[in-house]
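Just so it is clear, A, B, C and D label the chains in written order, and each chain counts residues from 1 on its own.
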Amino acid sequence: MNEYASINEKLDWTGAKRIVAGIDVGAVSSKALVLLDGEPYAFSQVRTQRPGESAANALNAVSRRTGLMPENIHYTVATGRGRSQVTFARETVSEIACGAAGAVRIWGPSVRTVLDAGGESCKVIHCTEKGRATSFLWNDKCAAGIGRYMETFAGLVQKKVTEIGNIALQSEQFPKLSDFCPVYAQSEALDSIRSKVPLEQVIAAYHNAMAKRLSILVGRAGLKKDLVIIGGLARNPGIIHWLESILKVSNLAPKLEWDPAMTVALGAALFAESSYRGPESRT
Amino acid sequence: MSYTLKIWKDFKNYQSTCYRNYAYASEGLRCMGSTWSPLAPLKGLGDDVYIIGGEPHAASTAGTFPEEAREDIVAAEVAGLGFHSCSYLKLFVGEVVRDQIGITDGTIKEGYPRPDLIWTTHLCNLHSKWYQEVSRRLGGVPLYPIDMIGGGDAEKDPKIVNYVCDQMEEGIDWLERITGREFSDERFIKATRNEIKVLVLWGNVCALNMHAPAPLDERRLIALFPPAMVDRTTDAAVQLYERLLEEVRHMVETGESVVPYQRFRIVYFGLAHTYGHPEIARILRDAGAEIVASVYTFGTAGNFRGFVDKQWSWKPIDPAWVDGLDLSTRRDALTALAKIVLGWPTWQGVRSYWALEQMARAMVAEFNADGLLLAPTRSCETDFRNGYIAMQRIFKNELPTIEYDTETVDVRKMDIPGSKRKTELFVHLMEAHKKGGA
Amino acid sequence: MKESSEAIIEKFRRITQNTHEYAKSLKGKGRLLAGYMCTHVPEEILYAAGIIPLRILSAHESQAMTRSYIHETYCSFSHDCAYQGLQKNYDYLDLLVHSSSCIHMAEAFNVWVRFAGFQDKSFLLTFPHIIHTKRAGGIMVESYREFKQFVEKFAKRPITDDDIERAIKVYNHTRRLLKRLWAFLRHDRSPVTGSDVAAVTLAAQVMDKQECNPMLEQLIERLEAEPGKEPSGVRLMVTGGACDDLRIFDLIENLNHSTNLIFMDSCTAARYFWFEVPEDRLDKLEAIAEGYISRIPCPAKDNVPGTGEKKRFRFIQQFIEDYKPDGIVFLYQRFCSPQSMDIVALKPIIDMLGIPWTELELDTTVPVTQFGTQLEALVEIIKRVAP
Amino acid sequence: MNKEKFFAGLDAGHINTKAVIMIKEEIIGHETVPTGFDVGAAAQAALYGALQDARVSRDKLSGIGTTGIFGDMVQAPPLDVIGTVPDYVAVAKGALFFNRNSRTVIDMGGNIHKAVRYDPKGDLLDVIQNDKCADGLGIFYTTMAKAVGLSEAELSESALNATGNRSIAIQCALSAQSDAIDLMCQGVDIGDVADAVSKVIAERVADMCTYMSLTKEIVVAGKLAESQAVIKHLSRLLKEDLAVLDFPEYVGAVGAVMSCGVGK
């Protein structure tokens, strides 16, 4: 998916009093999310290649879909690894604070732990009922890139990254792969060609291994309920299934009406909203 | 026709009994620590002293319950231990975290039995930090670490021998203070002689592998030395190893072996992993390649002639020498013990690259090896990783040499695909070498 | 016109950037140079013989060429230092000295000795692996004595007690000056930044102390005269292992939010000098041993026989009390196991004090956006940022 | 024409399966297909692709030599395999076929890399294979090209035009990727990122090579050899002239034919 934009048809930006945007320039994809008077209105996602450009492209994708022009936006907050490159943003906030704020806005005040499983990094964030981050754990170096490696893995098994997650659900039994390092897991997966392990089992095993690695990070940070998962990997049913069974939690699956990959951008937009309304609006 | 060891069962029983005693003892003293330490001083406290040692316990737990072991390690990482710390350590701490303990007889006891004291050594970066963490988690168990300073021919350096003796001497006062028991020198001295005897006997067993065919293979060696690790201070242990030596001697006389088909003799540097990973052992076996000597199985709980004027030898020490040792005073016994412990090959290599290199050279020569297999252990902070990479650089042009990563008990970090690939290549290179090629 | 504090700090920074150039300038003055890789080497003994000890530092150059000498799973600092030897970057050294250290730096030392031509100009001191054993001092004195004899033979001159006493006093002076410099960081509106202090401290480890001390005195004098910089922002304390990469400390003080780096507990910073050697003792070697035992312990050697206590934690808690950090940065070398064994036990203590923390896992390269994000997130948490 | 003896070489690797059709000493057809977890199917596809490319019908084949990590798994009929050799044997024979004076070949594949030293007959003298942490360098290169939105050829191209001198972690493909992306997020020029990516691959391969004495001439095989940027750094690090073989990706497959004692 190189460019994608969606819009809440019920809203119309022309009449809006406050138009703010959150831009999340992630390592793999850049997202833009626009709030109209505090309500999510438009969302877009593009590949991150040159962060500055990608941020602009994300916003342009919204414009093409809505006619809303960058100059119509009153306030923009940038977040994500490439946030420093977003020249048109008024301020930047870390994806940790944004992830917490966005997650609580979507899943409500019962959220205490947010697993942000992104393309290049995974973080476990603890937060208050108001969506304020109180602590976080960043993946250790050996657990970097789980998201992007999932794409690479899909390529190796010649499937779409959007379909392997479902294939992973087809087997509960399989020879385990290393759940310590994506490179090891990849090598062992390739080696299982020799032992003629059925492909769906290899795919399941790979998802199981990556979910196990994520669950170790969650456990290490401390699993305070409710747990929610955001970021690109949250779209992957295989990862969700294994996280639920390993961590013994339920309802990790994304909400139908909400793409979990938008959550951090939403958080940034919430920061933009409160900055635009001024300090008194801060919770 | 491959030979089956008669004494096999007795070894298994001895090991399991030691662990059961530790796990289920209702009275007596539970002592924890690296059994890679002088153990005799503990026996000065009485016969009702039950020992659990970090490495052998972790190893046998992994051997007995592979899946549990994997979960133990994960539990330790969830509890915050380092992703790159010793996996023996993590498995061990993992059991404490999960509040259970696995025993080699295949049973798991719920509720981790709290030790009364920890008596251990420190040489690598982690050895005594391991037990600091256990002690912390169990609410502060008294801990006495002995600084096993050294490497190289430390056992010949009076300043180091005295340093270790003095620590043990103070340790004995500490043991009395902590346990409120009176220390019996008589018991201690007896235990010391046993401990040294077992170590020397094991050295004799290993040295018999210089014969062709080598009577024992890596898989048997790794299974036969744990009793010496678990508790080598008892009369029972001495008798076990005397009988083993007798049986293996007889094998040599009759030219028998547990694996008679031996086209290639391999010298192995690394923690034994062929036991836990038969698929790798199989590649070697199918090609008639056997590991006939390995520094880990030989030198972790075994003593050899070692350095005689700076030249290393794997030739055995005459067991009669032990009976002749003058251990009339506590200090005599401590000195003898310090020397024997500092003389363990595995330790001499830890902080001395030249010792490690000499051991390898001597092993290749004395065991008439066709190839050198180096398998550094990813998570090991002692000599099972130090210097190994450089050794490939040094030996590669002298004889077929292969190096691949392995692990003690953390299968997630093992390089199964790579080790299979490289093992096949290894066999290919030894073939070519025999033909006068590579 | 007197030099400004900025100018003096710049001088120190330049020395950290051109350590070889500086060392060669000493050589130009006819001095003998001894490199060392671990701060357990008793510099005083070398200095007493007129030899300048200087710490071997890494170059932060990402390279794989040491992977065929040292195993992957050794810290990037040891790999990088080994590389400096293989690259012959330190060939001007007259001597390489090491004391049995953590396994990682020991491997780096081995590479120099075996493969980088230092076989015949190196010395390895026997040094306790547990610093708190009752007899540690005793064995240190014995191995110091052997070392002293070696140095006398090497320098072709006897080392008198007066020589050693003079060296002790020079080094103690450096330590006191560094402590005074660090003391600025305790207060609000410090006239000097933490990253500058880090740079000066690092420079001191590669300098002739007789040249270093006057520069430190000048600097402190200037700083005392200056009004403090802008009111301090969020106070961050670093605790961890070897880090001679000043980019990290600069990064910590150049975030989106105003921050001050107020303490660095590591063997390339506080652990290097945070102790003194008793002066005017009869037995000089005993005095040196006593001094080195009283240091902030290296995690690899920190275990009190009988209790298993980690003395290092007492220091850290004291530093927290004195320097009042708002947040803590665990900065440690990837693969440094002793550090991780400390951190697992330290976190509960830090949590109890209610101080937020984050972990930066060091490699040769610095992932600026990742570390930057982690640090900014930490500051946001401290400032309770929320929409 | 019917007297002509046609032979096929199949190199079944972790990532790609390569096939060549040869007549005597001449390569008349070749094809690469992703192995994609079905070695048999990939072998068939590669073989038929190569046959088409050579305009030779299946029944004209006198025999097939196989090699590669899964070389022994393509025996399934209707493929009449006349011989299977290990990848390091084939790559030596293949390298010698392409360059009679070569004595060392550095083979940089998708998942693993190795160096092989051989005598004038192409028989092994020494072999070194990569460490575990250096697995997947080829995959990494492909992934990074995708990440920065370039083809692999373009990645090499822009690396060669790099102005800066950036470094990324060399621990493994994972750390390297993570660092490369970090540079990207700092807004570093793509050329510099590409250069750092090529450099890290060369570093790992060069380091492995230092275990062995590399006898001249030294040649390079494998798909990564197509990256001039990688070769540039590799030759700088080894301080050696490196000749990239024609069809570097097919050296193994050709070697498989040669190893079966045919093509002479």
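Just so it is clear, contacts are C-beta pairs under 8 Å (C-beta built on N, C-alpha and C of every residue); 3 or more make two chains touch, one makes a residue touch a chain.
Computed from a predicted model, the values in this text were never measured in an experiment.
Please check whether dropping chain B from consideration leaves the other chains as one piece, and if not, give the groups.
Components, chain B removed in thought: just one piece.
Write down the chain pair with more C-beta contact pairs when B-D is set against A-B.
More C-beta contacts join the chains of B-D.
Which whole number of Å gives the spacing of the CA centres of chain C and chain D?
So the centroids are 46 Å from each other.
Distance from the CA centroid of chain A to that of chain B, rounded to the nearest Å?
48
Would you mind pulling out the distance in Å between where the CA atoms of chain A average out and where those of chain C do?
The separation of the two C-alpha centroids amounts to 40 Å.
Where in chain A do residues touch at least two different other chains?
Within chain A, the residues that touch at least two other chains are 81-82, 84, 121, 140-142, 181, 184, 187, 190.
Which parts of chain B, given as residue numbers and ranges, touch two or more other chains?
As it turns out, chain B has residues touching two or more other chains at 79-80, 83, 392-393, 405, 415, 418.
At least two other chains touched by the same residue of chain C: list those residues.
As it turns out, chain C has residues touching two or more other chains at 67-68, 72, 334, 363, 369-370.
If every chain is a node and every touching pair an edge, decide which shape results: line, ring, star, complete or other.
Graph shape here is complete: every pair of chains touches.
If you look only at chain B, which of its residues touch chain D in the complex?
Touch list, chain B to chain D: 392-393, 396-397, 404-405, 415, 418, 421-422, 424-425, 428-429, 432, 437-438.
Spell out the part of chain D that touches chain C in their complex, as residue ranges.
131-134, 167-171, 175, 178-179, 182, 185-186, 200, 203-204, 206-208, 210-211, 237
Spell out the part of chain A that touches chain D in their complex, as residue ranges.
Listed in rising order, the residues are 25, 27-28, 47-52, 80-82, 84-85, 120-121, 141-142, 144-145, 148-149, 151-152, 155-158, 181-184, 186-187, 190, 193-194, 199, 202.
Hey, which residues of chain C end up touching chain A in the complex?
256, 334, 356, 358-359, 361, 363, 369-370, 372-374, 376-377, 380-381, 384-387
Name, in rising order, each residue of chain B that touches chain A in their complex.
Interface residues on chain B, with respect to chain A: 74, 77-80, 83, 410-418, 420.
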